[in-house]
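Chain nomenclature is as follows: A, B, C, D and E, assigned in order of appearance, with residue numbering initiated at 1 for each chain independently.
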Amino acid sequence: MKEEHKEGAHGHVEKYKYGMVIDLDKCTGCGACMVACMTENNVPFRKDESDKLVSTAWMRVFKATNGKSYPDIDVCYFPRPCMHCEGDHGHSPCVSVCPAVATDYDFETGIVSQIPTRCFGCRYCMAACPYHARYFNWWDPVWPDKMEKALSPDVSPRMRGVVEKCTFCFHRFQRARDKAYVEGRREIREDEYQTACTQACPADAITFGDLNNHEHEVYKLKKSPYAFRLLERLGTNPKVYYMSTRSWVRREGDNYLKGEKSK
Amino acid sequence: MFPFSFEWHWDIGHMVFHGALWYALSILGMGLGYAAIKSFIDLKKGGHH
Amino acid sequence: MSAQDEKNKAAASSPIVIVFFVVGLAVSLLVGWSIFPKLLYSQKKQPIDFSHSIHLDAAGDCESCHYFREDGSFSGIPELSNCVECHEEAQGEDPEEIKLIENYIEPNKEIPWLVYSRQPDCVFFSHAAHVNMGELECKTCHGMIGESDHVEIYEENRITGYSRNIWGKSIGGFKSNTWDRMKMDDCAECHDEHGTRQACFVCHK
Amino acid sequence: MDSALIPEGVKRCSFGKFALWIGFWSLLMLWALAGAGVCWLKGLNQTNLNDYFGFGAWITADLAIIALGAGAFFTGFMRYILGIEDFKPIINFVVIIGFICYSSALAILALDIGQPLRGWHIFWHANVHSMLTEVAFCISAYFMVLTIEYIPLVLENRQLDKIPLVHHFSHNLHHIMAVFAATGAFLSFFHQGSLGGVAGVLFGRPFAFRQHFAIWPTTFFLFIFSAIACGPCFTILVTRITELITRKKLVKQNVIVKLAKVSGWLLVGYLLVKTLDTVYWAMVTLPNMGVSFMDMYPESPFTIWILIAELGFCGVIPAIILITEKGRNNNLLLIPAAILTCIGICLNRYVMTVQALALPVMPFDNFVNYIPNWAEWVTSLAPFAYGAILISLSYRYLPVFPQEKELNP
Amino acid sequence: MSLGRRGFLQFCLGAGAGITFSPLPWKLMDDSCIWSQTFRGLPIEVPVPPVGEVNIEKSVCTLCPGGCGISVRKVKNRAVKIEGTEGHPINDGGICILGVAGLYQLYGGARVKSPLKRAGNRGEGKWEEISWSAAISEISKKLSQIRRNGSAHTVACISGKDRGTVPQLFKRLLTAYGSPNFISMPSSEDTERLGLKLMQGEDASVGYDLENARYILSFGSGLIDGWGSPVRVFRANSAWREEAVKGLAKVVQIEPRLSNTAAKADQWVPIAPGTEAALALGLAHVIVKERRYNKDFVMNHCFGFEDWTDNSGKVHKGLKRMVLKDYSPDVVSGITGISASKIVAIAREFTRAKRPLAVCGRGKGSTPEGLQEFMAIYALNALVGNINKTGGVRALPEVRTTAWPAVARDAIAKRGMSQPRFDRAGTKAFPVTESLFNQMHTGKGAYALSALLIDGANPYYTAHDKTAVAEALDSIPFIVSFSSHMDETAQHADFILPSHTNLERYEDVPTPAGLNVPIIGLSRPVVDPEYDTKHVGDIVIALGKSTDGIADSFSWDDYESLLKETMGGKWDTLVREGYWKDESYSPAAWSSGFKTPSGRFEFFATGLYKAGIRSNNDNDYLPRYEPVVLEGTSDSYPLVLIPIETTRLADGAVANSPYLTKTVADTVLRNNDIFVEVNPKTAAAYGLSEGTVAMLKTPTGEAKVRAHLYEGVRPGVVAIPTGLGHSAYDDYLSGKGVNANDVIGTVEDPVSGLDIAWGSRASLVSI
């Protein structure tokens, strides 16, 4: 059963609320999601990408450790797409600060957009995002040899000087919707719209779908006692959930004062 | 910035913000205009102080 | 006050100087409204003088050539293979048809059509949403092109590389028909009227 | 050589000496322009900015010089709106300083954005909810005000003033200057505040985020407060430097002392409010986010000393000097106090920009520091060269200091 | 009236006002903004990907032997994305990082664009473009000449694989030509096949039924670091994780470093490097001592558990006596550094668990383990009776395909084939081994080679000890490479006949390592060849046809028809589904016996005796732990260097792609510096801190590295990432860090002769 369409702020209709659940116990840190994302979204690469502070990866896999020493150390990977924060009624950290409406919150799908051609590169949104999910195009995009042939027409390559980020592969939503329209449907099915990282993940650690839809896998998974979100206490209200049976991993998901109990 | 821009909404935010902005800009414009016109009139009248 | 200053003072208040102002104004208006657009756009001829009206008569409807694919995408301008279906051999003696066969069909080369409605790459446009769901007619955006006998000269913006038809023929940006301009504001106008989704990602990629 | 242009009744150095002086600063300007040039041509990869430090030296410089330039609007406010005639002898100079600060800020902003050709989007496609939009509009509009305030001064040049139309125009502008000043004060209050808002609304950044009053975070008010407290100090400082270089007394002591007094008491007020804000932030705001106060000062250079320096050395100490009669009348105390105040505000703007971004928010994220490269340094420091040039030109050719003749007979 | 200064000013004012009220500035502002979207006309112009009809083409990825089904998304004739094929039995929609970046292999740099002939000195990088016909004729002329001179057997071929039609074609070429020297690049599968042959008597690969196993004891296998068919193991791992939450599954990783596999495992057992066999036997000790083994299997279907008497009446030692005597937990604890109580606990858990499984093959399995080490670990599976059982191990035979017509052997061919192999495999020295690449590069070959063909392999990069490899290659006067890319080995060739890349060609993909069912995949040309390249099969056929006296064995028109013919009835399924799975396969029941000399599962490998290995020490036929003697002394090389293998860095014949390099953390590679991992304790002892530049020295070589302090490495161990340090390819790959293989020497397994070096002695000195 689908929930009744909710009224969001400003009377917007909340039709879908797309989100993700990432199972950190299954995630192997292999990085396939990162590359699946780059190849899907025409993210270029340079000869030296070892400076991670200027290396664009919409999906970035962070490594966390439990801080203990040998042999009690444990490691966990945190794949971090854009969280598509809803904040308080669409008041996500980045959307609220963009001076030129280059990024906005879509109440119908819950997607935080980023329009590079509108963006003029002030980077205020990057300062606002605590997840470092936003990337600036420091360089002109260049593809070597015939790599331009591998560019997908679904996603426009970005010019230098603008900010870009994960879009939950929104073009795939558009593609699925077009197909539905041609077939005379208005609704799209769960399997018709899946992000590139979800699809690629060899460990099946990522689940993607409509968080409002009772029939979608994510709806069930987000209710798991092991589910949590990154930096929830800041009020960013992200749409990406994580799951781990390890309590130290769940504690890594947010800031806690000494002695304070975590989720 | 202008009401004919499609992003414009007649909501409180836009009205307050742009109201204040255009108010300030008009004062500046009118002030400048006044000074300019007055100067031409003063010039016509001649005289020097 | 020196003599020179006196003279200047006289000049300042004399109407002659206003003439210079008016001349400047006139010249710049002429440049801005008339010469500038001529300089801004280069004129290009389409590779073949295609007649939509003849083809419409023969094919019956727009969808015969401009159709939806199964995956929901829109075919847009037909590829050479569509042309070959009928024009493998010349059907008449029209020099344009001969051009088609000699220059493109025989060497199997795609025709480099100049697309009047080509939007920048950042624009996502769904024909399915507009035609199938929005039930818009082709001419709402594309005008009377379907009934034309000849293709018009393609005017290319020297700076952006896009067709003049996007900004509209009127350099001032005025329009009288829905299809006269294809700028974002024109899309937004209709979206506003119909209350269709206003999020940026609806039309951008 | 240029004697015809020099105001009547004042002495100026030889043209050669002047040219040499201007030439020196022009070289620095050229260097800065080279820095700006490579950034515009090759893009911002020419800087040390990165994805963790979207804001860096430039934004710090911007916030700092705008705060320093606050003397312009605040003195204007006191002179025209509050009608404190004491400030009349310095108002011209204050306008010039403001003009320099604001035009520099705009130039640096134009550098800081990735796509300068699209900079106008901030106006045309304005998002009224963004603090940066408010900043852009207010700074631009206030810059117009400063230009309007500066124009009559320029028109008072001996030769220009001979043209009747020009003379009338400058006279008429002077006549309604209070209106402009009022508008300027209104705009300026808002943008000083919105600059503070820029940091304060970042609820993803515990270091910057502050509780809101109505739609504004406390930093909105703190920035206004700190700017008006510090602006006069900067005015004093620049005046004294000008006097030092020209080897002339240009403004009467009572003006300076009065400015110092105003500054001092404002500083006291600011420090009180800022302390309250910091305590609330440390006791309530931060714990709600799961972080402790000391988490905010983890590593060099961002240790607690930076806060002590900002509020103690550069806050309490100059405040004490400025509010005491003896302190502000003693140049040997007044000047260091003014310098400390200016450093304090720069520190404040620096931490609100750079430290706010340096502290990782995700527990598994890294602490990263940032050091500007040459292109950022020269362009950030260019306002000094630009300011020196503009002040020198104005001083030489315009009647900036009405008391100069009287003080230097 | 003259214009004058004042007039000019007025004119300008008017012009200014006019321009403001004309479209000019506003239109220019808009246009320049649109221009800034692409910077049209500048060298930095942003490309606009052309649109067109979308097609999805199914194929199988051949970038590693994993055999994953891939769906390539094409826009018109451009391949724009590689995705995993939904429903494919191996990867079911998932894809690994290398596969998803596969388009770089096609469109990226360093492709060899046409046949090349060396123009300068070897390795100098000077090439002359040459036509296909000229290249084929020159090479076949050379081969014909060698053949005429009676030294046909001195021609060798190195292949990346030894199964599938392409390696078979090479073998056929050599057989018809008269050379026994088909050499395949080593992997842990070599040892496993060997061990399986000895213990179970099957000529097959080991199938691990990971999907159904519920207690996984991994002896250093990088189960989620690229071991086996990576995506398949990832999926199994995810299943274990789901079961583990419910307490129904457990993974124990035995490894000196906290790899991703170890981190995801339920238990990490940090073992002293190279002592895995000792631990396995220690576990066996506990199992035997506590009589926890599967009595039915061990008593009724095994040989060599108890002591036994041969025909001559001599009593031989069985596994039982051996492990009870030599591998008590205390002894093993001393060797492995794992406490005795932990050993006992693991052994008990292992036997108590539902469907336990012991897995071997270190890291990705690219380095063979010692034969007796494999036997020790495999013996654990036998002790718990999970041979040929669900969730256990099984012998997986090759999928049967249509046999080719017999090779026509003329007199020269017969004479050549009767020569011993150059690498001494199958000779008295190493009677059970099929191919030994390392015998070539350590200079132990039986005779000198006169020509070498290399396909699908990059030994110059992937083999240990670069100096030795370089010497070996340099000593061969004629080398032909079939590489699609300018790799390190191709750089040292005389001719490069570039073959199509993964997406441009047909190829059958045999059952990947470790899979639990026999399967064939079909890799298909998805796009037209980008450059003037040919299918390697077609090149071999062409060489066969034009070399004197062997044309009769190459009657096929081309490789495609050969493949179709070979696949026979499976072709249609292959084309339709992309794979053919042997649905009828099920592992043989215990009761049907084993094909060993004893007819039972052999702990005591009588096959070795049969093959001619004579020893008075029964231990030589049993699973055992023999400390590997590493070069160098612990005085000058106090540390032990081990490689780090991860999926983010491809370290095989298929090089990493820049997309992958991009995902690598800055604690692995920074600028062009590689980081080695050391335990903070070790680092402190050697005066190293995070990022310290240090010289890593081993008996084989030295390299400048940086230190990365990591609590997840055993003290005393230095871990170096593999897959970096290319000297060939393009600027996106070469010059980045150090090739780990260069600082690791070779260690010969006494029985198989394979290079089993899993590390090296090393020292680390800050500079």
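In the analysis below, a residue touches a chain if its C-beta (ideal position, glycine included) is under 8 Å from a C-beta of that chain, and two chains touch if they have at least 3 such contacts.
As the structure is a computational prediction, the values presented were derived from the model and not from experiment.
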Worksheet item: Common contacts of chain A and chain E?
Response: C, D
Worksheet, complete the sentence: Those chains that touch chain E and also touch chain B are C, D
Worksheet item: Hey, which chain ends up farthest from chain A, C-alpha centres compared?
Response: B
Response to the item:
Chain centres computed over CA atoms; the one at greatest distance from chain C is chain E
Worksheet item: Any idea which chain sits dead centre by C-alpha averages?
Response: A
Practice prompt. Give the chain pair, either A-D or B-D, that is connected by more C-beta contacts.
Written response: A-D
Fill in: Chain centre separation (chain A, chain D; CA means) in Å
39
Worksheet item: What is the distance in Å between the mean C-alpha positions of chain C and chain E?
Response: 56
Worksheet item: Using CA atom averages as chain centres, what separation in Å is found between chain B and chain C?
Response: 37
Response to the item:
Note: chain E sits from chain D at a C-alpha centroid distance in Å of 63
Item to complete: For chain E, jot down the residues that touch at least 2 other chains.
Response: 32, 35-38, 48-49, 51
Practice prompt. Name the residues of chain C that each touch 2 or more other chains.
Written response: 8, 12, 71, 73, 120-122
Worksheet item: Among the residues of chain D, which are close enough to touch at least two other chains?
Response: 115, 118, 121, 125-126, 129, 133, 164-165
Worksheet item: Where on chain D does chain B make contact in their complex?
Response: 123-126, 128-129, 133-134, 137, 141, 144-145, 148, 164-165, 167-169, 171-173, 175-176, 179-180, 183, 186-187, 190
Worksheet, complete the sentence: In the complex, the residues of chain A that touch chain E are 23, 25-26, 28-32, 34-36, 38-40, 42, 45, 47-52, 55, 57, 61, 63, 65, 68-71, 73-77, 117, 140-153, 156-160, 196, 199-205, 245
Worksheet entry | Complex interface listing, chain D residues touching chain E | 115, 117-118, 120-121
Fill in: For the chain E and chain C complex, residues of the former touching the latter
1, 3-4, 6-8, 10-19, 21-24, 27-28, 30-32, 34-35, 37-38, 40, 48-49, 51, 53-54
Fill in: List of chain C residues in touch with chain A within their complex
68, 70-73, 120-122, 124, 126, 128-129, 132-133, 197, 199-202, 204-205
